[in-house]
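Read through the structures below before going on.
There are two complexes below, and they share subunit A, which is joined by subunit B in the first and by subunit C in the second.
Our next item is the complex of A and B:
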């Protein structure tokens, strides 16, 4: 079965009212279960390739394995659960819903994120939260270099060490209320431990563009 | 894009050679969407009954049979004794006994009209062609080649022209057995190329990736270990790169500081496999496997 046939069959099954869809032997193929825009339950038994479960609005997808690049790209609502590790650019441009990574995430996790929650039980790579605009990234382990580089808004919570902060990012202490909420979130996802999460937010020095364009100057 | 793959059976020298050719073709064929322009493999650690394995392609300047005959004459006139010669279309696979200086033989072959040298190895060979891996396998019988390790490539050309010689792997002329497959683009290679040229090195193509092979071989010839040569390349090379290198008995990867190009790694006690995408690993290893994703500014090496 080609990936296109598989994706058509998933959508047709949902139309026909299937409660739960199980995909076996995905063999790390790309583009599995993309573009599903209705609430439903899909289980993928094995690792997936690039762009798995991307462009979704509503489904609950559970993947038992690893994922390649750009898992859950542009998620609008619903939940994606990955049992092992994700490649680069997980949750790119995500706008809502939840993505849970049981292992580690690669470089540029949550790049250009615009909403929702990305929860990573392990470590997260280089440029996590790059140009993030809204939402939350919760990393229970460590983050690589340039964390939160050029982020506009949103929050990165980190339980472990950070190799370095990116341009225009800064640390803040989490409040007790925030910690209690985060710990509850970990518990809901079966993650043990109660890390003292630190927050990374934008300094907002890059946020305001003081230099006006020539036309704008003539208008003042 | 471009797709790269590498595989090594760590104990195969003592336990029996592995089907490296067949497995590289499988891995590359699953990544063919990453590049249709050309494909190529290095099969290393082959069992040979001669000193050298020479891979030649006859360009279009003369009928292939004439060029192939001239290449054989050159090897003989340089003091080599031909053990076997397998000519297919415009390709020649030559095994020979040769006790002289390899760079001298390489130079003599390059001076032979119509001859394009794809590799000279003591235990490895480069096979490359335009088109897809499956087509290449049909033409060259790569699946029949056994060895200890190897690397392969499918190319989507971004940087120099599409022809047989600009396909990967690139052999580090004239250093035996050092070949490289590269996914990415180098931005400082003109300057580095000029440095090598001022020291008398002759590049075989206009491709940036050839520089990586020569750079590494030069470091290895200067006494560096493979891992320190790879380590040095992380800062000396500028641009985006994830590349794999194959040597006589070693294999390794280097990944740039931006983590711009993908790579997944699967390793057990006896085998290590690397590829741009996990789908390639699964074409060879069907059981649920644990793979990791190497991160930025990283190198790793193995030996067989």
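Our next item is the complex of A and C:
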């Protein structure tokens, strides 16, 4: 079965009212379960390639294995659960919903994120939360270099160590209320432990150009 | 030769240094490059004589319809004129301007395109054929919107400022625009230059497959490139599976860019088309992967020359805005007072103070553009260009714009001969070959 046939079959099954769809032997193929825009349940038994469960609005997708780049890219709503580790750019430009990574995540986790929650039980890589705009990234383990580089808004919570902060990012302490909420989130996803999460947020120093031209000063 | 003015330290250069000494940063403006480059005016058509005969210029049929992106899509983009409205964001432009452009496109059976701010629902409603851009920023990106589009365009680069992302000054990032882009209101928005989910051409191939799956293989996937390393980029985009390639040259427009990028990056439209054509020919995909040219298209002759050089269609931006009244004194405007420059010289799109309601989000200024009247003017302009294109085509003895070819052209300068790969007038020599 080609990827095109597989995705057509998934969409047709949803149209026909299937309660749950199970995909066996995905062979780490790219672009599995792309563009599903209705609430439904899909289980993928095995590892997936790039762009698995991307461009979604509404589904609940469970993947038993690892994933390549850009898992859950542009998720609007719904939930994606990955039992093992994700490659680079997980949750890229995600706008809503939840993504849970049971293992580690690669570089650029939550890049350009615009909403929703990305929860990583393990570590995440270089440029986590790069140019993040809104939403929450929760990393229970460590983060690589340039965490939160050029982020606008949103929050990165980190339970472990951070190799370095990115441009315009800063640390803040989490409040007790935030910690209680985060621990509840971990419990809901079956993650043991109660890390004392630190927050990474924007310094907001890159929001504006410092100066205007003479003519612009009279106009703006 | 001794000139009256200093070539190196011109008045503009002196003013530029003074401005930067005040500012402490690069300068920003809209419109397009100030560089003097070889353009379509440096080419002329060799119309008919005794070797071939013309069609009746005003009467006989001449087809202007083109089909774009038919390689893989179930439903290629079919437009009645090979001219469509390029991507310009709701944010850079007012909602009224976007609606007017969409309506105008529908009136003449062509397409309009979204831009770096997602899809404005009112533009979707106005435009029968909407091209949905997928940009590095992904502002407002929504698979539900994408599913309604007639074509998808992955933007790798923009001709006016290749190698960097969009720019929207805070004065235009008002609440509604900020919300649609998920940004804090009032920030000077500097969009990403790289896509968040893919980097190189091998990744792009997977991204293209993803967008096909997301749209059920129904619509073409375009790839837009800023014209720089055209030959390699076009081959890589075609190999990655693009149905159409948009080559956007250094003379293309923008609502805001660092001036240094406008004037000092990219290559002009004429060589960009020729390099793209030859690249596609080399890999056996010329006329299979559609080629769309943009940058400095002003009239039907520019369109005809672009097509003769090898493009299947062109996209226009600034010309459509001028048709909407950009740089025109209208009764409600006072250019000198409101923008500090006379009508005809304005390139202050980035200030958000557009006196004619196009490049602004100020509710009072926006009212100066009536979308219906604006649509009428743009539709008239598109029709005028299409008639000019058909007139030239018939004068060459051809009944279909798709029959235009390099042999129809001659170059007026040696540079144009080299870049367009057509003979210099008065010779049978193609320079540089």
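Definition applied: the second predicted complex is superposed on the first by the 211 of 220 C-alpha atoms of A that agree within 3 Å, B and C clash if a C-alpha of one lies under 4 Å from a C-alpha of the other, contacts with A are read in each partner's own complex, and residues count from 1 in each chain.
FYI, a residue touches a chain if its C-beta (ideal position, glycine included) is under 8 Å from a C-beta of that chain, and two chains touch if they have at least 3 such contacts.
Keep in mind the model is a prediction, meaning the values are calculated, not measured.
Q: When the two structures are overlaid on chain A, which partner does A:30 contact: first (subunit B), second (subunit C), both, or neither?
A: both
Q: Have a look and say if subunit B or subunit C is in touch with more residues of subunit A.
A: Larger number of subunit A residues touched: C.
Q: On the A-aligned overlay, A:50 touches which partner chain: subunit B = first, subunit C = second, or both, or neither?
A: Touch partners of A:50: subunit B and subunit C.
Q: Check whether A:216 is in contact with subunit B, with subunit C, with both or with neither, and answer first, second, both or neither.
A: second
Q: Considering only touches as defined above, state whether A:114 meets subunit B (first), subunit C (second), both or neither.
A: second
Q: Can A:87 be said to touch subunit B (first), subunit C (second), both, or neither?
A: After superposing on A, A:87 lies in contact with subunit B but is clear of subunit C.
Q: I'd like to know which partner A:4 touches here: subunit B for first, subunit C for second, both or neither.
A: In the superposed model, A:4 contacts subunit C only, not subunit B.
Q: One more residue to check, A:65. First (subunit B), second (subunit C), both or neither?
A: first
Q: Where on subunit A do the contacts with subunit B and the contacts with subunit C coincide?
A: Common interface on subunit A, subunit B vs subunit C: 30, 49-50, 69, 108.
Q: If we count contacts the way the header does, which residues on subunit B are in touch with subunit A in the complex?
A: Residues of subunit B touching subunit A: 258-259, 262, 264, 277-279, 281-282, 288, 290-293, 295-296.
Q: Show me the residue ranges of subunit C that touch subunit A in the complex, using the header's touch definition.
A: 19, 22-25, 27-28, 137-138, 141-144, 146-147, 169-171, 181-184, 186-188, 192, 196-198, 203, 206-207, 209-210, 212-217, 338-340, 348, 351-353
Q: Under the touch definition given earlier, write down the residues of subunit A that touch subunit C in their complex.
A: Those in contact with subunit C are residues 3-4, 7-8, 11, 30-31, 34-35, 37, 49-51, 54-57, 69-70, 73-74, 76, 89, 92-93, 95, 108, 111-112, 114-115, 130-131, 133-134, 152-153, 207-216, 218-220.
Q: What does subunit A use to touch subunit B in their complex?
A: Contact set of subunit A toward subunit B: 27-30, 46-47, 49-50, 65-66, 68-69, 84-85, 87-88, 104, 106-108, 125-127, 144-145.
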